[in-house]
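Letters A, B and C mark the chains as written, and numbering starts fresh at 1 in each.
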Amino acid sequence: MQKTEGAAVFTASSDTPTPLRAILTLLAPVVVIAILYSGFLFLRENGNAPQMVKTIIAIIWGIGGATALFFVANGVVELLPIKWVARVQPFVFVGPALMLLTWYLAIPALRTLSLALVDDQTGQFTLDNFTSVFTERIMIEAWTNNLLWMLIGTTLTVVFGLLIAVLADRSRFERAAKSLIFMPMAISMVGAGVIWKFVYDVNPNIGLLNAGVTAAGGTAQPWLTLLQPWNNLFLILVLVWMQTGYAMVLLSAAIKGISDELLEAARVDGANEFAVFFRIILPNISGTLLTVVTTIIIFTLKLFDIVMVMTGGQFGTEVIGVRFYREMFVNNNPGSASAIAIVLLVAVIPIMGYNLRQFSRRDTF
Amino acid sequence: MKKLGFVLLVAALMLSFSSIMAQDMAGCSDTWENMSAELTSACAGELAGTVVTMTGPFTDEDEVKFNDSIAAFEAATGIDIQYTGTKEFEVIITPTVQGGAPPDIADFPQPGLLRNLVEDGYVVDVSTFLDPAHIEANYTESWRDMATIGGPDGEITAGVWARFNGKSLVWYPVQAFADAGYEVPTTWDEMIALSDQIVADGGTPWCVGIESGGATGWPATDWIEEVMLRTTTLENYDNWSFPADAASRLSFSSPEVMNAATVLGNLWFTENYVMGGREAIASTFFGDAPVPMFDDPAGCYMHKQGNFITSFFPEGSVAGEDYSFFYLPPIDEEYGRPFLVAGDIYAMFNDRAEVRAVMDFFSRGESVRAWLGSGGALSPHNDALLEWYGSDVERGIAELVANATSVRFDGSDLMPGAVGAGSFWKGMTDWVSGTVDLETALTEIDAAWPTE
Amino acid sequence: MNRQKRTAMILVNGILLFIVILWTIPTVGLLISSLRNRDDIRSSGWWSIIPNYGWSNTGEELPLPEGQTRDTPITIGSKTATFDEWRAGIDMGDGTRYVWIGTLRSGRIEIYRQQWMVNWNFTTDNYSQVLSGKEFEIRNGDGTISTVQGDDMSASFLNSLTVAIPSTIIPIMIAAFAAYGFAWMSFPGRRILFIAIVAMLVVPLQVALVPILRDYVSLELNGTFLGVWLAHAGFGLPLATYLLYNYISTLPKEILESAFIDGASHFTIFTRLVLPLSVPALASFAIFQFLWVWNDYFIALLFLGINRNNEVLTQRIANMVGSRGADWHLLTAAAFVSMLVPLIVFFSLQRYFVRGLMAGSVKG
């Protein structure tokens, strides 16, 4: 069905370019860039137009501009001889992403490497920044905790996300359930900090958990502070609460991608629901599952805000992300901070390698 | 455009009536002496229409009060001082300055943070344009010393002190004290005796809370500093908090600091002394800590904290009726009556005439006059008058400071960020929560001190 | 069979309900708290709005017996107990409970009875302060009080929209092109470049802040929305490319092949075929990116500059609690207000997560 529809659509664009069209196509970039630049000047001027108007213009300018640039760039490339189109066109597709990433992340990351190899005080070459990443008591504590976050946090998040996605898929209340699970993701970190204060507060008149404990005859516990090392677990629960929505959305979309016929066929064959889950659903979403696990592992490695807001890394809850942040912004030790970033970068290479193991086997056009 | 037009209009008016306006609105005071060339020209309206951008950590109500207190100056000079506060000031200011987009003036609540920027050469030396006679006359020596920081080309005056708050204060519920017949202690021993009395009566003397999210531990550092000032010499305190060089530094593992912590431990960890005991100290939010004082009958009787804590008191509580304060008494008469303060220093990043004029203005009491009236700030300027204070509480604190035998700045704010906003907090928290013993905690605090 | 199905349905919905309740309780607590006043929030739990049966103060009280000490037993009425026991409360046997409130020196004996209690003291004050700005009562030097109206939310709300919408769509567009390029086009360096992109996932964006700000200052991009959009795009691209690649690369090869046979170019295939088929992936990433950008504080602050006119919602909310955080109770209401827009985005994009988009195009 799609094939015929597609064919009808494609005929228009596969015409050979006429000279007139070529000129227009070449003019287009100039016009687009001129319009965009004047729009930029207008927006930067911050004139006295009502803010609503400025907001709308800014949004149209930003989105329209990016779209126009892609169309224009492609239009120009398609004027080239066919042999060159094949060579150049991929870079129209991946080029903007590569350029932005080079500017925003790759170059700063390289700069980080050079900072990490220099002593913050003397400016001499040194490897000390790297040794301290593995030897300081506080860094060891941070690595241990991050391991906890990675193992427990990722497992719980993915298991709950998957469970909810599967259950919701066959429930009449799917939308309501998914929305409620998703809600914590939408809450800003400051809001989440207050929410969990109402859960974990040591005062049983404020903290729900302690209200329960004291009502049951126990004594109130300082969940996030003195209850070491368990306080890490209570912090991890905050992550699970916030990030399960992420796992759920992606996994749910993947489950929706499994064709009904496939599921029905299995059920008709007499497979029970567990068999359907393990033999049909799981294999079909394994790609997405890997994606979700990978990204959540990376979240937990870079984790920063939950710990920063709730304990500041004190009470034995230090994590790498907070350590990095403190070295960078509080302690004025860019070298140590950079070393942490580099080690983190190296640490995920195996995970990435596993992810990309199929990459080179792909067929392309 | 509209706004600029308005400013120009005001400025034009200003030019014609500048002398009359100056008197009426007290924007530029006649009593100012030793004015810098830029301030003189600003008061003459020559800098009208210029803009000075400013940022700092205070927001919300404080921002309103700040704007109030500069309004007359802005009207008189036509300089528009645009202040925007941000809660993440401590984090944002360094990348903003290093990235090359600094505000004209920034308000630093911690000189330790400013020091990093001075060392990297980003801060304008205000002594290049402020009259030394004026600075000498308007700030006491300890303020001047704390504004002097070593830059890449030697020592500079890194800014002007704008406000401070008093720390050595113990708050208490007036009615509960009266009901029980307790009297305000004037010596440390009396204070301990009172604490024992309250315990014997079945009450809880103290409320303490050091939890503060990412900054947990800072109220404990204040306490240590108070005890330090009361148990050792000022020289030792200065060498501990703000050493001139590595050799003269008094380390955390020194007997002096150890002793101060022990004294504090005796107060905090004595059974029944502190509400909720040791666990509650570490887990109670500092702003919630004083609230039980206002229960009927009082849940606790004393709470030591800076004057800003009144904004955390329950709504409608009245100074003098519901609560009052006394000076945290001396421990050893030998060390007099020291007073601990913290304060905000304004530093300057862009050297333009209007910025200079505004900095000169901020070095004068007039710049916080309205703020003193509305409450929440104390003035470090010698030309600020006691009668400007709008509340008895703050006037009382100002008097205490004036009568103190010595005034010292919050040590943790002076220390390098790695210690003062890092290992010191953490060490105290670890010690209070029992994660490590005192010796280990102090050694670990020391370990974070940057080596030159 | 039918019966079995129904049991299964109940089981599914039951477990789902349980998890959902577990997930929602903390938020419900926040919602209820947001409707209570400052002193209530700080002194009693939100669950006290649930009627509960227990000892409650009758308002009757007795004076303290004089001259007692902590160690000797004290007799009040018919019972004798130590001070600490009295303070914990003693059942008098007649349906009342006496509790010693205060110390030996000052306080009272309160009499409690078991009855139903509830605290329904609601207010919308927090919301009105958050939405329309606080009113500050400022004492003037001459003793008069003037009222100053604080900033409301509207300006920062619009700023947040201006930041968030393009910052969501631009990276998605760029990432979708790149994902297609990596999935279906062949060019030299394809593998290594893709690995490089994905490796960027782990770079903490903080390392980039100062160098990027320097570039912005020299390009005069600092303080502009374009600067923030590009920054959010740059920082969001690794994840966007990775997620979209994982989706686009699994599209059935046959569909694309037949389009090529029909003479379509990569660009047309991408815009007319791949994009529409990738809507679920685009929508899910759009949701996440929008959320992150909407809740971002730091990037906006750094690149838009510390400037009242460019304040975004998160900054406005953070500033609202005051210099020392004394008004943190306002965060309860503010959290809900700021959550509205992301939830709307979620609801409106949720309809794209439907079964059968690829129906018929997937080989069995």
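The definition used in the following text is that a residue touches a chain if its C-beta (ideal position, glycine included) is under 8 Å from a C-beta of that chain, and two chains touch if they have at least 3 such contacts.
The structure displayed is predicted, hence computed values, not measured ones.
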{"item": "Most remote chain, CA-based centroid, reference being chain B", "value": "A"}
{"item": "Top chain pair, ranked by how many C-beta pairs fall in contact", "value": "A-C"}
{"item": "Most central chain, judged by mean C-alpha position against the global CA mean", "value": "C"}
{"item": "Centroid spacing, where centroids are CA-atom means, of chain B and chain C in whole angstrom", "value": "33"}
{"item": "Geometric centre distance via CA averages, chain B-chain A, whole Å", "value": "40"}
{"item": "Inter-centroid spacing, chain C versus chain A (mean Cα positions, whole Å)", "value": "17"}
{"item": "Multi-partner residues of chain A (at least 2 other chains)", "value": "193, 329"}
{"item": "Residue numbers of chain B (touch at least two other chains)", "value": "91, 95, 288"}
{"item": "Multi-chain contact residues (two or more partners), chain C", "value": "42-43, 211-212, 223, 318, 328"}
{"item": "Chain C partner contacts - residues on chain B that touch it in the complex", "value": "53, 55, 57-65, 68, 82, 84-88, 91-92, 95-96, 98-101, 103, 176, 179-181, 198, 200-203, 287-288, 291, 297-298, 308, 311-312, 314-315, 369-370, 373-375, 388, 390-391"}
{"item": "Chain B to chain A touching residues, read off their complex", "value": "1-2, 90-91, 94-95, 116, 211, 213-217, 276, 279-280, 282-284, 288, 416-418, 421-422, 425-426, 429-430, 433-435, 444, 448, 450-452"}
{"item": "Residues of chain A touching chain B in the complex", "value": "47-48, 121, 137, 193, 202-203, 222, 224-226, 228, 308-316, 326, 329-333"}
{"item": "Residues of chain C touching chain B in the complex", "value": "38-39, 42-43, 69-70, 83-84, 87, 101-108, 134, 136, 138-141, 143, 148, 150, 209-214, 216-218, 222-223, 297-298, 301-302, 305-308, 311, 315, 318-328"}
